[in-house]
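Chain naming follows the written order as A, B and C, and within any one chain the residues start at number 1.
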Amino acid sequence: MTRQARTDKSFPAAGGQPAAAPEELAILGIGLPAWNRLLLVAGLVALVVLPFLVEGFTTFQMTQVAIYAIAILGLNLLTGYNGQFSLGHSAFFAVGAYTAAIAMNHFGLPYLLTLPLAAVISFLVGFAFGFPALRLEGLYLALATFMLAIAAPQLLKFSLFEPLTGGAQGLVLMRPEAPAFTGLDDDQWLYFISVIVMLALFWLSGNLIRYRIGRAIMAIRDNPLVASALGINTPLYKTVMFGISAAYTGVAGALSAMVVGFVAPDSFNFLLSVALLVGVVVGGIASMRGAIFGGFFILYIPTVAESFADVFSKGLSWAAYGVLLLAVIYVMPSGISGLIDAVIRRIAQPKQAPRRTDPAADVATAGPGPSNREKK
Amino acid sequence: MAFLQVDGLDAWYGKTQVLFGCDITLDEGGVIAVLGANGAGKTTLLRALSGMVRRQGRIVIDGTPADQLSPEAVVRLGVAHVPEGRGTFGRLTVEENLRLAAIIRKDAAGVRRDFTRVYDYFPRLHERRSQQAGTLSGGEQQMLAIGRALMLAPKLMLLDEPSFGLAPQVRRDIFLILKDISRSSGVSMLVVEQNAALALDLASHAYLLETGRIVLSGTADSFLADDTVRRTYLGY
Amino acid sequence: MELLLQQIIAGLATGGIYACFALAVVMIYQAIDHFNFAQGEMAMFSTYVAWQLMAWGLSFWLAFGLTFVFSLVMGAFLYLVVLKPVQNASALSQIVAFIALMCIFNSLAGTIWDYSVKPFPSPFPETALFGALVTGHDLGMIAVTLIMLAGVFYFFKFSTLGLAMRAAAQNPESAQLCGVRVQMMTALGWALAAAIGSVAGMMVAYKVFLEPNMMYSIILYGFAAAIVGGLDSPAGAVAGGFLLGVVENLTGVYVPGGSELKLTFALLLIVVVLMFKPTGLFGHRVVKRV
């Protein structure tokens, strides 16, 4: 095999095809890993300066995006990485929100301490639910969790619990105030709390996925039978993942209770579960940054749909939302995250190689999409 | 006149080309074996013949050009493809699996005869006829797959690794039955195998597939006599 | 004792509603190996079509027949236009497609026929039976469900088309190799499921009244009944529907707090059933091999 005339030090001439290794790709002469770091830093800077540039309501909305992103990430840990369905995450969101509200209102717990408490309690509830869920697969699990989503508001309204939960009326809580030394207003303060919690949880799940437990849970997703044959304690991992997933969503719920300053049973109905699932799929299954895109989608797209629909009739806004959803899964079957990857593959050039005239030549070859109709 | 004539067949798996210009001839009533290592393109060859993957080239089955036909249409030419993994319908009973394979047939009497024939070949299937097919053992599922193929009343059987994952005794039984089917009903067979010894015993002619190209063809005896084939695929 | 009996009879009457939908759920599951979460909304839309036809002066049974045909076409159309393009996408993407359909149907019905609650007629005599617990309509509805059950059972068990449809859903590739036209089977499965759903909708609308959100909890019970009974067993699904109706009624009466927590108890029942019998009471177990 003849060696190429110009050798690249970081590339040990593997067969003389420099375009093959993905880390050698570059856009505008900058390698992809460098782009990643650059975008990460830019994103962090944007997160910090944003609340000083926009008005209070937008800050409030950005806070909600961060909260949804946490919840979506939690669901994604279960659905995307572990292959378990859940249509019941609104219930865990409710557990977190009510934990925070009750701890603050009835027990005077400082609001920051309610976050770990919400995480612990949601974890326990999720773990407990994970046990029966263990015996269920796919659709059965989807249904059991669906029932959980439906039952949660009923339980919260249940008269025996009313002294604690406030029944159908819900609970009003004091919105946390920004400490004077920070010089921030309350919206900005809550924004920073939420964003910091979000970043911490993202970092945590990144580690979770990379290390042993992550490999184990993904093995379970891809082939449960083989995974257990390899000695992975499938039931334990699955149940723990249910707990962790619930804990993430519970923390999101607790933050949401603080930010909104109000909890009521009907805000945690099945539609919230649906919104979270839509967020997972639209953002990108098994993609961490996808959770943020998902957060934006579920906060803003209903409004966008409404303005589309206004052209015809106000009542059609949900129809417009449905059509938008369909459009998204047709155009981006692997979510926004997948689309971005595809775009990067399309525009990236092999580092230092001469520019090609045909960009399509660079598209990576891909096999047919995963078929959900494959049978065991 | 050859029953199956393939000229210059290319085929793709997704966007990757797997087969390059394959030529194959199979006489009516004949049995040929296609040998090759894992990933040589054996399964893709069968799938290309059945119309399940993108392909290009000339395929003539029983005088009919078949390179543009859908899998359902290829079946109607009398081609029974016993797929990799056996293609069992796990939640249907054994009998329903067999019934299903006969749905395109119009001759009720012939179907009844073939039921008897399948159950004669494989008494085990008769014992388990009302059991869900998913509960069968690997060998029984292979029997069912061959039984399904027979229920199509085929003129050509495409067999994808019929020995795969079976115990030696079961393997031998299956190949004995295949031999008998070929002799008694005059059906043509194309057998794809990794187990060259079994395949060459069944077939009269053989082809060797390496990375998507046919690199050797000839009579089964000439294959058995070839040193390279013997060392690589027969292991002695 | 008499109260118990009365409650059981009343429960069977409610259970008839769930049984109706459970049957539609099993139908679609057999045809596409999947749930259709939009099934309730599709049935709701069909029921509105029937209402509209009657508002234009057609008799109940004529409207019923036309709606049945309309639903067949709608089901096949939805599959070919909306679901077929995503059938190779992940299961989650498909669920999102179902969610999208739910939104679209709900919003369309609300826009075309507004959100006010409309009464829906019954073709059966409205005489009250068994101490006013059961009406002629209840019996008629149960009869219709049982007739549909017999039809579905026969179709799947004995007809060639039903066999081909089950095969196409379970293993499309292998079905193709047996000469089954898989796309056509799936479209037909959608059509039949939509039609059965429309019958269920027209039967229950008399009891729950017609409005865009009428199916929200009913379809849930339908899914639950189908799961409790076993997704591959039409008879099990119907039995599951009746069982659910009875349990719901009895907990409402005999368990303290039961009337507030009906759904919660239904959830518990399902979880308990699935714990002990993961494929439902009447479902078949399939052994999986690596």
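Throughout what follows, a residue touches a chain if its C-beta (ideal position, glycine included) is under 8 Å from a C-beta of that chain, and two chains touch if they have at least 3 such contacts.
These figures come from a predicted structure and were not determined experimentally.
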| item | value |
| --- | --- |
| Selected pair, greater C-beta contact count between A-C and B-C | A-C |
| Most widely separated chain from subunit B, with each centre as the mean of CA atoms | A |
| Gap in Å, rounded to a whole number, between the CA centres of subunit B and subunit A | 47 |
| Between subunit B and subunit C, centroid-to-centroid distance (C-alpha), Å | 42 |
| Inter-chain centre distance, subunit A versus subunit C - centres from mean C-alpha coordinates, in Å | 33 |
| Interface hub residues of subunit C, defined as touching at least two other chains | 170-171, 288-289 |
| Subunit B: positions in contact with at least two other chains | 90 |
| Multi-partner residues of subunit A (at least 2 other chains) | 368, 375-376 |
| Contact footprint of subunit B on subunit C as seen in their complex | 160, 163-164, 166-167, 170-171, 173-182, 232, 284, 286-289 |
| Interfacial residue positions of subunit B with respect to subunit C in the complex | 50, 52, 70-72, 75-76, 80-81, 83, 87-92, 96, 99-101, 103-104, 132, 134-135, 138, 148, 152 |
| Residue ranges of subunit C touching subunit A (in the complex, touch as defined) | 33-35, 82, 85-97, 99-104, 106-108, 110-111, 170-172, 217, 220, 223-224, 227, 231, 257, 260-264, 266-267, 270-271, 274-275, 278, 288-290 |
| List of subunit A residues in touch with subunit C within their complex | 79, 85, 132, 135-140, 142-144, 146-148, 150-151, 154-155, 157-160, 223, 225-226, 229, 274, 277-278, 280-282, 285, 313, 315-323, 325-326, 328-330, 333, 368-373, 375-376 |
